[in-house]
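The structures come next, written out as structure tokens.
Next come two complexes built around subunit A: one with subunit B, the other with subunit C.
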Partner chain A sequence: MTTLTPPERRPRLPRLPERIAGTETTLAALAVAGYVVLAATTHGAVVSGGTLTAIFQFLAVPMVIGLSQMAVLSVGQMNLGVGVLTGFCAMVCAWLMVAAGLPAWLAVAGALLTGAAIGLVNGLLVVLTRINGFVVTLATMTIIDGLRYGVHGTATYQGYSHRLVSLGQGSVLGVPTVFLAAVAIAILVAFFFRSVPLGRRLLASGGNPLAARLSGVSNDRSLVVAHLVSGLLAGAAGVMVVALSGSVNATIGDDLLLPSFAAPIIGGVALAGGVVSVLGTCLAALIIRLVDVAQAQYSINPDWVDLIVGAVVLGAVLITQLRRPRAGGTP
Partner chain B sequence: MSRPPHAPPSPPAASDAALPAPDPAVPVPVRALPLWANPRLGLLVLLVILVVVFSSLRSEFLNTSLTLEPMQADLSVTVVVGLAQLSVLSLGHMNLAVGRIAAVSAFAMGWAYDKLSVPLPVGLLIGLAVGALVGAAAGWTIQATGVNSFVVTLALDFGLVGLVSLLYSGVGDGVAFHVHPAGMDSLRNDTFSDYCTGSVCGPPVPLIVPIALVAALAVGLLFRYARLGREILMTGSGLKAAELSGIPTARRVVQAHSLSGLLAALAGFLLAINNGAFSADIGSQFLLPSFLGPVLGGTLLAGGAVSVIGTVLGAAITEVIQTGLTLLQFQVEKLKIFIGLVLLAALSLDRVRHVVAERRGGGA
Partner chain C sequence: MTYLADRLVKTFPGVRALDGATLRLQPGSVHALLGENGAGKSTLIKIMTGVLRPDGGRILVPRDDAGAHGKEPGPATDLVKGPSDTDAGLHEVRFSGPQDAQRAGIGVVHQERNLIPAFSVAENIALQSTPRRRGLVDRAAMRELARGCLDRLGVRLDVDRPVSALSVAQMQLVEIAKALATDSRVLLLDEPTASLTAEETEHLFGVVRRLRDEGRAVVLVSHKLEEVFAVADTVTVLRDGRSVAEAHPLADYTQEEIVNLMVGRAHAARRLDKAPVAPGTAPALRLDGVATALGHRDVSLSVRPGEILGLYGLVGAGRSELARAVLGLHPVTAGTVQVHGRPTRITSVGQALHRHRIGYVSENRKEEGVFLQQPLTRNVAVTVWNRLSRAGLIRDRDERDLLTTYQERLGIRLSGPAQLAGQLSGGNQQKISLAKWLAADCDILIIDEPTVGIDVRTKAAFHELIVHLASDGLAILLISSDLPEMVTLADRVLVMRDYRLTGEVANDTHDYDSTSRAIGHLLHAAAV
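And now, the complex of A and B:
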């Protein structure tokens, strides 16, 4: 998926941060406006404690999932296994606690390690076989999908560590802990891509592999690291599901793949690589969450949600595209 | 349309799909790879080995009515789904909405049979037209806005998921059209062995198999011999070069996506025939197989090269593995693990074979 940008387009690069900043502002305004409209039309139902908590509790997983996809998009790759990997890590975490009898903190570490290890395998496969990352993750997605059901069949794990669940469902000063965890992860990811040399190298590889190589960046290492980070974040999302829901089964992650793409794409992340936006991805996840809330509040047919999300994805990309000076019709 | 002044030569890579990405600095020497390096041959050998292994482990594998006939019926659907994806892979595009286009077309067909009581072929034509139109709309959006095809078809997929459910709940009983236009049941249940002239009966091949074969043949001929197909491939291998050679690339993009939509609709029709109903869940399982067949068969994701025979073989291998492992009473989850592993192994072997072939060819 890596495409070299022809030399004549180079001078436009400095505009990209501007474009991202614009997208983030638009998204923030959209989210606030959406929330105000929701609050006004539901007679304040979404301002009350319970609903507000629920909004942010169930925002945590989509946020982290979006960041997981964003990590591989940064080098111009895709990870189709994000959803099933989240489900698999959740099952592993629950299995470690229920069947293996490990304490919760070890189980959490085990789930994170599982995610990172699978991400590492993805990355190594991409680098060693030189097969397109889309195809590699398509194959590993199929395998993980099988493994996910292999952990405990279609049965449900429940009654694991009460402390983990009460921590996951609890809140600090009225803010749900899972949401706080998601924000902390987002800050870490933002820091990684902004200030850590390794993160900068990922963006360099994604933006222009040839230039990156000539500047001494190992593109292979960037690919492996990006997949590893993506797997680790999917593992984190899996742990959040375990802590939040109190019971897990193998269907977790089925409906996460498409949202994982929707959030970064709406947030202004370039599919070709080289440009990421943590804030944009999180805001986009929030907007999608608000559409969900609106559906529940107005008791609209849930099918409209997908229709609207589809329209928002396309609309967001179109707006971004229109704002950018026309760079030819290369899709 | 007049012939462009500099009609470019057809790319040599078009028929030999799995060439590794060439180093841009070094022009790839035009050299025929040895026969054993032909990926299609490898797939054929793999297919034969799988069939032999499965039939020696379970004799039911060669049972006509229990295994072979359902397998052929399923394979017909998978092949057409793979062709639908292949049509846009030729451009280097993707169509994530194949399943939903199939679903929305199946709705149109079911609606036409249920409300308009049209005969079977007319309903099929309506469905194909709907699929082609939706595909064309996606293609038009892609070429008009320059947005990545992945994003456009992802958004289309989201949109159609909602739309299909809304349509089914708005019309009909909310889930499916249980219609039986004349000919549908025989298309579903009969094989050619049910039709005899005297004592000579046809082979035990379901009636829907020829439909898929015709589709595969038509797509194969299109990309090999027809001007339209060659120009789509050229657009896929180099947009700028194709444009400068006088190819109306925007139109080719729309046409390729339209073809993809049409084939997705055909796949939806075939699945509806196999299931016996036009239901909302048609196409929900299409996305993975749509990539498995072409990718196993050596079609490049980068565009510019397709392999229809490879797609058919790739789909056949997936189908044989599924049927075989089901007979061996593997659970669904283990089956998926194996399919994933086979996909990885086949692709890695393909790489190894090419590296070896290149090296030997270079020494000769």
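And now, the complex of A and C:
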């Protein structure tokens, strides 16, 4: 007998769509400002065709990696294997062409399938064992990492499909094709979460698993699908690496894990699940990319880049927090 | 050494939970605090223990207790004492938190356990009064303290065992010992016997009598009147936030008189026009001899289209759990469930919803009913996304149209389709929670505590809505702990106690007096 009427407070939630819109605007402004400062202080070096192309060419992978992490964040999970999986899928793709002699399109499909399959395994492990996704992906990450070196050793694969490489390094109307591919993927992901029933269910499960369950949504299925999508996107990122770089070795992807978190977090995606922002994630990836560019342009000692990236991540999050209307609410 | 809660008033939005309730506690007595659901007992306890602050009235404690601990309880302690105050030696206190109440000597054992499972018995007992030596925890002294407290209760328990290894009854004793460790002069026990066996209950009452003989005041909140009469000396009965019996010797009353005091005759239940159910209508949902893994035994009920069947009982009686078992969230271990005459075995909410069109409006609106951070359109459409999508995609316009339909039908007040559910008032959130089931064409609705925390006007509107839905041919199983609500809405009322049905009350006349009394007797009757 404790049916005490709870003191009903007016909900003081921040308005999330507004909040995200605010975050996205802030990020866009930050990106533009950063670019203008870069252009001005380097006497226009970043406006020249070559540099501009490079900026967007090497934005593609971080964007897709960020979306891969965002997919699992949508259900309140994390995928620690994103970077390693990208590297692994790149290896698989290159190996299929070089060692197995498959045509490029089959190798690409194989890499995507590998990513999706490993994502599926992650998801099933999470659901069937009820072990936290953080732990499961930590374990599978380590296993894949071991596989990468165990199977391929320190081999470098190169000289595979010239058509794939020239496609990956080429551009359409001056826009790099890999970047176009990343934008297309981003649009698909946005569509998935916005208009496809399955994508909506992921957000429902992530936002309120109890209500989702009582509404007939299977939270288990949401978890599996989220991990699968995450793996698939990591596979796509792996393919991009293959097409873009022309040679692949076992170290690829090692430095992608933290950026994969940085982009969605700066982009306004809720760590607890239920709220995603594709545009915010992509803009955040761009800002991080600009830091790299600045390092190259100013000839900053590369040893200091991590420090700068860290500071920019913290700064960008702080700025979006401060600009957020009615800060201090949940979550 | 009297403790006095004097004419307390506490208002929540739309609800006056306490309206001048007084609780006077004498040392060396066991005091029963009784009342129906919603009479204000929990609010009173929360104020006495510093969890809530009263809007009016005062709490008075013995002067030495307030000052003995060096620190005045609360920042705003003042010594207002009118000349007419007959309680000499008392001192008004304002609690700004549970610690203040504790310092003033008021301890509480809540219905929910408040122990840290991984800690040992000693660590739990000494949690708020950990003995220290040179800044570090003095484990020997801590064990000593715990043993001392348990000894005074006459309880033998290994103080090094983790609490997680104890039985429910033992945990309760540890909580009482914990209250002794902070030297509580007043001990509030909220439904202490709810999950105890008869033997454990007897042992607990032995402990209670010991505490009384030590000169403490024990407050016992219980719905089991036979137990109350076995152990309590005095009684305070609350009804509608007022005390209708104040610290009266219990021996002056019979159980019958206590029930009548609790139920009162204050309410004239509202009558709502509702089409009667045609005789001979086949039941939409029927349970026969259902048992569940949760402990339900032999539950039989049937609800017909156009009918509102009430399921009344106390919190913890197993009503929501029964609803969840029907939905397939808990396994049904015996008996049959029939939907529209066909025996079925429901194993998931998706199945209950899409195949049998059974909807469940949860009692926990914010936690289980709505997606606070999602727009209203999605909150309403979540059950029908598959049906709504064309070529695999959902169009915003279809969702908006759906929302508009139910906005008009249910009278939901909103600023726009993109508004988040978290921005609506409680009543409107509840309507959104309901709308998603109507959108899915449910013809059997289980509505669980629909108006908890909702203001009076919205509540009345909601009642009309429920009656409309029934008149439209929905079969409604209404779970409520609100007696007037039950009498207003239900065609028949089933009473559940300890996961069993104890009886059925016809409510054709919707007469508050007779129905509430019949329910009260089913609820408080001795062993069934």
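Here is the rule we go by: the second predicted complex is superposed on the first by the 297 of 331 C-alpha atoms of A that agree within 3 Å, B and C clash if a C-alpha of one lies under 4 Å from a C-alpha of the other, contacts with A are read in each partner's own complex, and residues count from 1 in each chain.
The criterion applied here is as follows: a residue touches a chain if its C-beta (ideal position, glycine included) is under 8 Å from a C-beta of that chain, and two chains touch if they have at least 3 such contacts.
Just so we're clear, the structure is a prediction, and the values are computed from it rather than from any experiment.
Asker: Just checking: does A:188 make contact with subunit B only, subunit C only, both, or neither of them? Give me first, second, both or neither.
Answerer: neither
Asker: In the three-chain superposition, say which chain, subunit B or subunit C, touches more residues of subunit A.
Answerer: Between subunit B and subunit C, B touches the greater number of residues in subunit A.
Asker: Is A:138 in contact with subunit B, with subunit C, with both, or with neither (first, second, both, neither)?
Answerer: It touches subunit B, and subunit C stays clear.
Asker: Is A:197 in contact with subunit B, with subunit C, with both, or with neither (first, second, both, neither)?
Answerer: After superposing on A, A:197 lies in contact with subunit C but is clear of subunit B.
Asker: Figure out whether A:148 sits in contact with subunit B (first) or subunit C (second), or with both, or with neither.
Answerer: first
Asker: Now for A:258: first (subunit B), second (subunit C), both, or neither, which partner does it touch?
Answerer: It touches subunit B, and subunit C stays clear.
Asker: Please work out whether A:129 is in contact with subunit B alone, subunit C alone, both, or neither, and reply first, second, both or neither.
Answerer: In the superposition, A:129 contacts subunit B only.
Asker: Which positions of subunit A touch subunit C when the two form their complex?
Answerer: 1-8, 10-11, 13, 15-17, 191, 195-197, 200-201, 203-204, 207-208, 210-218, 270, 274-275
Asker: State the interface residues of subunit C toward subunit A in the complex, per the touch definition above.
Answerer: 12-15, 17, 37-38, 41-43, 46, 52, 111, 190-191, 221, 223, 314-316, 327, 329, 348-350, 352-354, 360, 362, 364, 367-375, 378, 382-383, 385-386, 388-389, 392-395, 418, 420, 422-426, 436, 449, 452-454, 481-482
Asker: Which residues, counting only subunit A, touch subunit B once they are in their complex?
Answerer: Those in contact with subunit B are residues 78, 125, 129-132, 134-136, 138-150, 258, 261-262, 265, 271-272, 301, 303-311, 313-314, 317-318, 321, 326-331.
Asker: List the residues on subunit B that touch subunit A in their complex, please.
Answerer: 20-21, 93, 141-143, 145-152, 154-163, 165-166, 169, 239, 249-250, 253, 288, 291-292, 295, 301-302, 331-341, 343-344, 347-348, 351
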